[in-house]
Amino acid sequence: MLVRKTLSFRGVMFIAGHHFWWLAAWMTLMTSLYHFTHWKMLAIPWLPLSVVGTAVAFYVGFKNNQAYGRLWEGRKIWGGIVNSSRMWASMVNGFLGKENKADTEKLVYGYIAWIYTLRSQLLQPTQWEHVSLRHLFGSFSVNRRKNFGVGMYEEEVAAIEMKKYLRGFETGDHFANGATHILHQQTQTLNMLYDQGKLDVFKQLELQRVVNDCFEHQGKLERIKKFPLPRQYGSFSFLFVCIFIFMLPFGIVGEFAKLGDAWIWLAIPFGMVIGWVYVVMELIGDYSENPFEGLPYDIPMLSICRTIEIDLLNMLGETDIPKPVQPKREILM
Amino acid sequence: MLVRKTLSFRGVMFIAGHHFWWLAAWMTLMTSLYHFTHWKMLAIPWLPLSVVGTAVAFYVGFKNNQAYGRLWEGRKIWGGIVNSSRMWASMVNGFLGKENKADTEKLVYGYIAWIYTLRSQLLQPTQWEHVSLRHLFGSFSVNRRKNFGVGMYEEEVAAIEMKKYLRGFETGDHFANGATHILHQQTQTLNMLYDQGKLDVFKQLELQRVVNDCFEHQGKLERIKKFPLPRQYGSFSFLFVCIFIFMLPFGIVGEFAKLGDAWIWLAIPFGMVIGWVYVVMELIGDYSENPFEGLPYDIPMLSICRTIEIDLLNMLGETDIPKPVQPKREILM
Amino acid sequence: MLVRKTLSFRGVMFIAGHHFWWLAAWMTLMTSLYHFTHWKMLAIPWLPLSVVGTAVAFYVGFKNNQAYGRLWEGRKIWGGIVNSSRMWASMVNGFLGKENKADTEKLVYGYIAWIYTLRSQLLQPTQWEHVSLRHLFGSFSVNRRKNFGVGMYEEEVAAIEMKKYLRGFETGDHFANGATHILHQQTQTLNMLYDQGKLDVFKQLELQRVVNDCFEHQGKLERIKKFPLPRQYGSFSFLFVCIFIFMLPFGIVGEFAKLGDAWIWLAIPFGMVIGWVYVVMELIGDYSENPFEGLPYDIPMLSICRTIEIDLLNMLGETDIPKPVQPKREILM
Amino acid sequence: MLVRKTLSFRGVMFIAGHHFWWLAAWMTLMTSLYHFTHWKMLAIPWLPLSVVGTAVAFYVGFKNNQAYGRLWEGRKIWGGIVNSSRMWASMVNGFLGKENKADTEKLVYGYIAWIYTLRSQLLQPTQWEHVSLRHLFGSFSVNRRKNFGVGMYEEEVAAIEMKKYLRGFETGDHFANGATHILHQQTQTLNMLYDQGKLDVFKQLELQRVVNDCFEHQGKLERIKKFPLPRQYGSFSFLFVCIFIFMLPFGIVGEFAKLGDAWIWLAIPFGMVIGWVYVVMELIGDYSENPFEGLPYDIPMLSICRTIEIDLLNMLGETDIPKPVQPKREILM
Amino acid sequence: MLVRKTLSFRGVMFIAGHHFWWLAAWMTLMTSLYHFTHWKMLAIPWLPLSVVGTAVAFYVGFKNNQAYGRLWEGRKIWGGIVNSSRMWASMVNGFLGKENKADTEKLVYGYIAWIYTLRSQLLQPTQWEHVSLRHLFGSFSVNRRKNFGVGMYEEEVAAIEMKKYLRGFETGDHFANGATHILHQQTQTLNMLYDQGKLDVFKQLELQRVVNDCFEHQGKLERIKKFPLPRQYGSFSFLFVCIFIFMLPFGIVGEFAKLGDAWIWLAIPFGMVIGWVYVVMELIGDYSENPFEGLPYDIPMLSICRTIEIDLLNMLGETDIPKPVQPKREILM
């Protein structure tokens, strides 16, 4: 998550600066070609282009909307995890009372273990994320992930006391989904407490409902992670922008040619700017649609997990509390 | 579901390449006609066309939005089935305990049987799906379904051990809806367990609520399957695109004629590209609006079912677990 | 509900063909007038028209969106009724057991009676539906309702065994709302079963919640029926389209006049097509906004009711089951 | 609520006819000025205006969307009140049985008292409603409210038997919010019935949940009433339309001037129509955003309240039932 | 919250007047430059600009929509807090009865303490709010916050009797989140009442559910506060408007140059107005997206809190009730 109100010039360049190069190349190529050949085919009428421009702006806008929806839904679900964590800790504390301190701790620690496990699972790259792209595109993204994404927080992640939180839990690889496994054991602990008479059936079921909510939260996040913005929608948005930019110099050159030959070169900067606006609109959606890539535009999962950890340890009355995660390079993960 | 971030050139051609042919034919026909006859009626003013172009882009955008909504809602409901499956297995396991292993198994196996049955039912073609079209259009889609859709996974589907999962269930054709029948028997099993004193009334009702959620999930999916995007909306979107493309060469030829006779042929490629952008926008919605057709743009039901199966068998402590479904030809079903 | 993927030519004409006549008349009138008089006022500049065209397309798009929302919400609620029906029948069956067969039947039959009663109530025309229009418009719609709408299924409707389903229910006219009355008696039956000790309080309340959901479903459908798309929104959409089409020939004639006098007649077909696109966009929303009019664009309530009936009779173990409703003239009601 | 499908000419004039006058004045002034002075500044190029026109149409469309959302949400909540009323009456009736007739009556009457009280509270004008405007604008709206709004139903309102419905309730002014007070007493009555052993704790809580739903409904309606469409959004929509219409004659005159001097006067009617379309789009949202003003575009609260009253009295088995509210002057309140 | 229907001229200037200055400067600079140099590059064709103008209007519209969504969601949650407060007070009162007056008071007072604490926490500035901007921008906003925002109500805030409301609660800084701490103690109080036999388990859990709802409300508000409108979306909206306004004089001057040299100065006012419309559209979203900044566009939290306080004290039967908060300078906080 970017934490600065308005991106600095450097920030803008960081996100979309490199696209100026190929736009410049393409505009210059076509303008020069026209300048030296005066092929009329390089100066097509602008009007048909304008219809395409509007249609493409619509389509990209639609995609941006959906991408935003995915990001925001992801954040909402993590918000739901925060809320469930507080209900859980508060009720467990209240229902079990001071005489069952160990059980309380086990249930609350289990929650913390679950969120950190879930976070790691969500960061596993899928086939359609930027870091899985081939060639230069992929390695570019891998670098960003390392230097401006999750990579910046390796130290903090290493310091998480998973051992403490998972004490008493069965761990191991024979479960396909580790986070599910933890929740499953929470159910079993609740049942054991019922069998031991520490919880009556009503309170057991009330707590079980929070576990069920956690199953919901987890499943919803996995849905966003495992089901991309349908690629037929996403790919063509990219393609349409390419088509528009491909045709752009033909139209721009035509319009500037009317000013006379000397001014034809103005088509280059103006074409670049118009093309760049379209590229950036496409990019924004493209980087927001998968909110668990480990890149700077992600939902700040680590920071949210830490907030939960602090709150829950507070409720347990512990005093050795970790510090909140701070943004680095104006990026919060 | 397509699993590649950006479609390759071949992928784009696979989806929409064949539309270039008739666009080329139509543009060439009209341009030639103008070239040889110079009928002014072939070169109408562009401006009125541009209003139609904008209005049609709006309308198609609206349809795409709704189609996306249907697809995404379908995925959400399947996500809900995943979540319910985990709650179900976890609670059944916990509530019944190790001493009622057979009952636990029956209830959990029943869930797996239900999802696979539901999947088959959802794949039955309806009257308004692509495979039900007449003539060439239909057989084209039937082929795609076989070679790039559900057809690719026949082996995996055949290997599902329905017999094991349906052990102890009454099967047969006297029920109009097989999936409903399975859920109905889950209710009866829960009731029997209550009668036998293995579940108290509170836990019975808590589990019954999950069965009720399954009735919800199933009904919602059937709603999407059995109620198309209203055909008055869908058909006219198609028709409007046809009308726009019909009028396109009239307008384009007019604009290019201004460049002089030699350049008139440029109207062909430019007209094709503009027309193609509109056709593709229409196509994307058209292929996304029915997400259970068995075609490559479907929700990957088989893969989701398998994930559930793996999770639930894990929770039962079984060791002979099937493998996740892998994409074939960059398509996951 | 139209059940054909893409409307045939006849289908399109059926919906919107008659609008060509007055469009033709208007365009011809104005073009001829210009041809013979050359009044410049008939050839106003196109540009101002184009702003109006865009604004109107926006506005109509907005209305179509809301109309679609009403239709889709209606379908969702009917889907909810399907889901509730299955929960109801399954739980009633399970909770009451085989020893209370008569009670089970009464409760399940009551559900079927309720849906058919609800359907009839929703088909009573309101003041703002097409069949309530005055003069020709109204009688045209009344005919359509008879020949292409609910009228086609009179036989099927007559065959519904309401007497069987309402056995044991108090009927009569002293209740303003018959469907509410049936649900109210369901509550009373549940209470009686509790008093007789056939249901414990927990199961009674669980079933009562389904009755409450039915109150919800019914009330939501009545809301859509009794509260139109606010007429200040709907009427002006129609009026704006009229204004645009009124001004259209002025602008179109002006543009075609530039081609020379011989080609002026081309303004007629082109004007007709552009006008028709706007009329049809307006029509689609207009016919979808009230989904219980008994016209071909309705939600297929009869077919849904029948599906529920079949499912519930199946669950009761009956063997004399009615057949699903089939589309007639490619329309399903 | 307007109850006529398509507004008559008079209806349109009633809503927006008076805006023609100042539009006519402004267009005539500017056209005459140009006619006599030929100042070129009065004939600015149309194109920049068209960008503003599109942007403003967007913005107004956005506002209309939100206004519609407020209106529709309000109607949904009132629909929820209808649904809760039926659940309430049906359950109270069933749970308390015939032997506690007086208690049943008190609880059901209390519901009716609550809705009528809520309705009056919602009709108190806020600072940002039309009737609170200063000068002519305000008195114009006050008149409309009297002659075409809530004022038309004073007789019906006076006839409501509040005394009967509030029998046994504590009334008085020491409560800031009367409707809350009634609900609060419903809670207390339920508690008393529990204390007297007429309701067990499960049924008490089930009924309490309906009271809680009523708190929800009331709070949601108050939110719509007390929080306007944020004025920064609403005011600028109005201002943008003013700016566009201010600039309109400059552009229109320019375009018509091209036709020659004689035709310049055509700018007046065309400018008026274009301006009027924008004004009306703005007006529609403006009058729909506050659905409890007592004006003709309101949610018909009186009619809904009466429907509830009839239903509940029916359920109590009373025979002296009031009649439904009928539209007056094609307006239903 | 602004409470005036239509902003006065002063109100408009207050919000966006200062932007006229730099727009005037920029337009004048470019127009003069053209006037004296007649560089054709200052008079580029308008058409390409118009595509950018449309695309930017789209994008800004999208952002405004999301900003509105955040504001409205915030208001809805505060509305939820109002509703929960009434349920809480009503149920606590009813369930505990008159014999446990002190406990009732503690629980209800705790609610009031919680809302005021939550309000203060939400007003802590984050890094991306206006008051955290650097240089002049920041101090400008700090002043507005003081003179037209929360600063105006310092007296009222100081008068809140937190001591009374927090009597019996543990306070202190060892909790990272004070509001959570209060809710946590509510859970413990409920548990204590259960242990003392003043509440049975069902009523305890029913009240606990309200506490859980409060955890939800709080978490949702914190989500809006702590997660900005993603800065990649927000920043580029600002940047696109800047780009458009940068290019605007080039295009406007070109169009006005066609009228002849004398009229070129008209480009200044018209350019200013068009630019200003875009700036204002951007501003509206910018100021609405963070609804807890303490600025005049905020959700009026103080006023809502006071309403709750009044209602709850009313329910407790207290007579010394504070007065509702009144708007100052037509702004309600």
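Letters A, B, C, D and E name the chains as they come in the text, with residue numbers starting at 1 for each one.
Heads up, the rule we're going with is that contacts are C-beta pairs under 8 Å (C-beta built on N, C-alpha and C of every residue); 3 or more make two chains touch, one makes a residue touch a chain.
Small disclaimer: the values here were computed from a predicted structure and weren't measured.
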Centroid distance [mean C-alpha coordinates] between chain E and chain A, Å: 25
Inter-chain centre distance, chain B versus chain E - centres from mean C-alpha coordinates, in Å: 40
Where chain C touches two or more other chains, by residue: 47, 50, 54, 58, 202
Topology of the chain contact graph, where touching chains are joined (line, ring, star, complete, other): ring
Round-the-ring chain order [start: chain C; next: chain D]: C, D, E, A, B
Contact footprint of chain C on chain B as seen in their complex: 40-41, 43-45, 47-48, 50-52, 54-56, 58-59, 62, 66, 127-130, 132-133, 174-177, 180-181, 183-184, 187-188, 190-191, 201-202, 205, 208, 211-212, 215-216, 218-220, 222-223, 227-228, 230-236, 238-240, 243, 247
Complex interface listing, chain E residues touching chain D: 1-7, 11-12, 15, 46-47, 49-50, 53-54, 57-58, 61, 64-65, 68, 71, 75-76, 79-80, 82-83, 86-87, 89-91, 93-95, 97, 200, 202-203, 206, 251-252, 255-256, 258-260, 262-263, 266, 270, 273-274, 277-278, 280-281, 284, 287-288, 297, 299-300, 310-311, 314-315, 319, 321, 327
